[in-house]
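What follows is chain A paired twice: with chain B in the first complex and chain C in the second.
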Partner chain A sequence: MNKPCTNRLITLLVIGFCCISLVLPFSLAMLWSLVDPGHPWSYPHILPPVLSLQRWVDIWTTTSLPQALLHSYLLAPCVALCSVLLALPTAYAFGRLEFPGKQAAQLISLLPLIVPSFVVALFFSSLLNVLGIYSRFLGILIGQTVLFIPYAIRILSVSFSLIRQEIIDATRDLGGGPITVFKTAYLPVLKPGLLASIIMIFILSIEEFAIAFVVGSPDFVTVPTILYSYLGYNFIRSNAAVVSLILVVPNIFLMLLMERFLKARNTAVITGKG
Partner chain B sequence: MTSVLIDSVNVRFGDFEALRNISLNIDSGTFVTLLGPSGCGKTTLLKTIAGFTPLSSGKMLIGGKETHNLPPEKRDTAMCFQSYALFPHLSVANNLLFGPKQKKLSKQDQATRLQDIASQVSLTSQLDKFPPELSGGQQQRVALGRALAIQPGIMLFDEPLSNLDAKLRDSVRFEIRQLQKQQGFTAIYVTHDQAEALAMSDIVVVMNKGAIEQIGSPNDIYHRPINRFVADFVGAANILPAQVLEQHGNLYRVQTALGQLQVQSDQAPIAKQTYIFWRPEDMCFDGANASPNGQDNIFESRIIAKTFLGNITECLLDPLPHSHDDANTTLACDKKPSIRIQNLGFQRAEEGEQVLIRVPSSNIRFLAEAF
Partner chain C sequence: MNKQTLLAYCLLLPGLGLIIVFIFVIISMALAQSVGYFNFSGSSTFTWQFWQQILADHQLSRAFFYSLKIATISAILSVSFAYPLALWLRDPFRGSQFVSSLLKAPLLVHGLVAAFLYVNFISFNGFLNQIFVHLGLVSRPIRMQNDSYGIGVIILQVWKQMPFALLLLTGAVQSIGHDITDAAKDLGAGAWTRFVKIILPLTLKALQAALIIIFIGAAGDYSFQIVAGPIDVSSLAQLMLRIQANDANGWNLSATVAILLMLTALIGSALLALITQQVIKWGAKR
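On to the complex of A and B.
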């Protein structure tokens, strides 16, 4: 097989994969969310008989979705910031220091990733009672931070390990104090990692259900807890479609933003050696 | 401008002794080379002077000031790194101005400094580019200019030419030496290349296994090495164990594996059993027309290998047993030494041929090392 032909085949495969995994579910969700409540979309209709924004209006006015959005988008940046700040010292140690037991410590720091979040959530909620933390917001904030710190540690320790000692030395050698060293040698290399972990944890926090549900319910709602209320035994596909679109669309933009930052900054990290 | 005094300095990393009892006095304005094989501690010594590596014991004065507790940013030193360590996110101009900015120079002074440095290292047309866009040689010059821009009393060079190709290395070597003479800074230059060390320095410090072997001018180091390590590391050397038999004035008769040789030396050997050495270019093929004063050593050899290098011809010789040698063979080692000879131009001798070799007795020296 010649080269252009192979390339075309691969392109087609990728496009096909994208269609099946992204475009199809999205357009279906879109269609379902636009189904008019008075005219159900059922067999033998290939397309919904009547399209309207009635579902969107209903959900916005009858449920606590506005409040849930506020909660989610207030929680997410706080969780992202807390996780990253708390992960920084550990990541520094993993990325830049040598100490006995480093391998084991790195492994242990990743353990929370393999424990199902519902298990964490159940024990965590009773722990909060013991500790006397009754604020729902604070409870979810702490819980999600604990859950997402491993991601931040993992990403940031790689960033820290990419910092070159000679650049630090050169900065100091030319008269730079600690602040200049941080700005010149650390920040340019850390920046993509910081952005990536903040955006990633932001998205994870927006989508997190277990802790938000166990700790927050019934009076503290987030977008996923509303979404899950439309699943299960009072399942309404159209309403679920609306909520899931509200949940997912901002995340896609954030993902694209993250991609851009990572690409734009990577050149500064890799090059510079003669 | 600035002198360095290093007094019995030790540096240990755990159990590993990186520097052992280093004492060195560097006068201001001299070009000093730290020469040695990799792992000899030369870069560690440079880093202790820069302030990156703390001393385990001993003391160090830079410009008469005790350096204990003085961080790198407060020292009057600037380093040229082996990997250049340029700031990849800053333009060439900002790389060059990095030091002056830290020193809080006025905008106007910065501009004139930038012009001066850029023309000194011929980068005037590259100021807006970023380091990754430059060639290796240009990056090297940015590194040099960046260090020069803070007008340090001491410039530290950590094998700055090792990433350049041979031609470029020669010209940059020359440029660095010129700059040093113009500006008069003290230079401490780390290299493992003996030719570089001999070509650039006022003083060469030969190091081995964390200690200093010899300190001297390039001429001293090359022609009067004190031991086998220095003789062998700096240039090629023919080194033989020798037993001193008798002395007439400054003429010594010694027994070696090649038979009896005459050594003319103003310096007495340090022991009866010592080492003698001579350089490959200190001997020649014209054994047949030796001078009549009888002070030349002549011996017969077979040529094992011959290499023509353009300006010189190098041969590996297998010395043949001396016909009129006495039976005193205590030193005729089980392994016969092979001898290297280098003569100018093209030499007619062929591989396998037997030739008469002449080593003038004044070209052989004693090493200050007994066995």
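On to the complex of A and C.
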């Protein structure tokens, strides 16, 4: 068989697989979220007998979902901002300075990704007890911030390393002060990286389950913890379907936005303009 | 120490410094609680009692072997599926960009959502059973949810982690020059020989990284296990949380499980990486 033919065949296989493993399950979740409470979807109905938005209305009015959304979407920007601000100096050192032990330092910065998340969550909650920090919001904010710093460091160190010394020198030679240098040489190259890391951490924070669950439960709910409550022992399918969609759909759009910022990086490097 | 080095170290403090302190304090906390310190009730004195109690518990050994099994199988299966795809996507063709983003789509799906979608699909009253019954393959729905071998958990792990392995391996495979593989081809090496003697050794680092990260993630899994895993056996993370919530000495006992979980993740993944290296070296020399 020739190569284009094989390629086409495998492409079709991959698309078929994605239909079964992604499109179909998501369509089913969509259908389950639209099942009318008065007309259950069960055997022998292949499709739900009656569709309505009643589940969405019910879950919005009778559960703590609005509160969970408020918590998640309040936490995420705070975590993103704190992580990025704390990561900036380290990213600068990794991206623009040479010093002994740099490689080891870069490896160590990945530590939070290696320690199992539920171990971190459990003993972080124990630490909060010892320290007497009882605010759930503050606890989760601190935990998630530290946990997500590595992502910001990684994205931003690449951004810092892409800043061209010639442009910095040229701006200085032309009499530019520190602010002008920052505006002309640093900011245009940093901006896509900054936006990308803020969005990345925003998504990670919305999705974070271990710390939010261990530190927050039972009284501080976020979107993943509320989804968790509908899975497991009390499996409420329609509610889980609604919350799943609420959790996944906005993040996919944010991810696409982030990819655009990261792609914009190349043009910024070449032209020196964002 | 010169000025620049000093400046660099100072700059590391708010980011890297914080990470080190955080992780160090958390691990120390677990270590201290496992030997009887930082008790929230009663006295805090040094004791091996909790280690003795947990090591004698058969639940622990079951959870340990179960987590080890899930992590090893998930890591190996994920890279086994990722390799052929990475090799296939090595040279761009029409639509390869699209296929590669399709394959990476599971990275965007939250673990709990993935678990829900899976359970919803295979549950007693789920789509798969409906289809089976309608097609006449079975007379009544079969029970597939929470299977006792952990197959559901492995499927979820591989589905979620394979794209990650693919991401690492695609980069590694693409960086191998065509001149090397072409030369091997000219010398008469078949596809399998080229894979074993050239591709595998040259992508070893990426392969090890993928194995390590997937192994650690799967060994510490809680979400997939609680939603789709067997009822009669716990994963280490699940056991840790359950003991903490239910036992009178919950914090101390769960601390011992936490340390065992970290050791399992670290030593297990390192061993897996090492064995892979040896196997690949042996294969290349043969």
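For the reader, a short list of remarks on this structure follows.
Note that the second predicted complex is superposed on the first by the 244 of 274 C-alpha atoms of A that agree within 3 Å, B and C clash if a C-alpha of one lies under 4 Å from a C-alpha of the other, contacts with A are read in each partner's own complex, and residues count from 1 in each chain.
Please note the rule applied: a contact is a pair of C-beta atoms (placed from the backbone, for glycine too) under 8 Å apart; a residue touches a chain by one contact, two chains touch by 3 or more.
Just so you know, these numbers come straight off a predicted model, no measurement behind them.
With both complexes brought onto chain A, simultaneous placement of chain B and chain C is permitted, the two fitting side by side without a clash. In the superposed pair of complexes, A:38 makes contact with neither chain B nor chain C. Contact with neither chain B nor chain C is seen for A:218 once the two complexes are overlaid on the shared chain. With both structures placed on the common chain, the touch criterion links A:132 to neither chain B nor chain C. Shared-chain residue A:167: touches chain B; no touch with chain C. With both structures placed on the common chain, the touch criterion links A:244 to chain C but leaves chain B unconnected. Shared-chain residue A:115: touches chain C; no touch with chain B. Within the superposed three-chain model, A:184 lies in touch with chain B and out of touch with chain C [touch as defined at top]. Measured by the number of chain A residues touched, the leading partner among chain B and chain C is C.
Overlay on chain A (Cα): least separation between chain B and chain C is 10 Å. Common to the chain B and chain C contact sets on chain A is no residue at all. The touching residues of chain C, counted against chain A in their complex, run 4-5, 7-16, 18-20, 22-23, 25-27, 29-30, 33, 38, 40, 85, 88, 93-96, 99, 102-103, 105-106, 108-113, 115-121, 123, 125, 127, 130, 133-134, 141, 159, 213, 216, 219-220, 222-223, 226-227, 237, 240-241, 244, 251, 254-255, 258, 261-262, 265-266.
Residues 164, 166-167, 169-177, 180, 184, 188, 267-268, 271-274 of chain A are the ones touching chain B in the complex.
Considering their complex, residues 50-52, 71-73, 77-79, 81, 83-89, 98-99, 102-103, 131-132, 136, 139-140, 146-147, 150, 163 of chain B touch chain A. Against chain C, the residues of chain A that register as touching in their complex are 3-4, 7, 10-11, 14-15, 18, 21-22, 24-26, 28-29, 32, 42-44, 46, 86-93, 97-100, 102, 105, 108-109, 111-120, 122-124, 126-127, 129-130, 146, 149-150, 152-153, 207, 209-210, 214, 224, 227-228, 231-232, 235, 237, 240-241, 244, 247-248, 251-252, 255.
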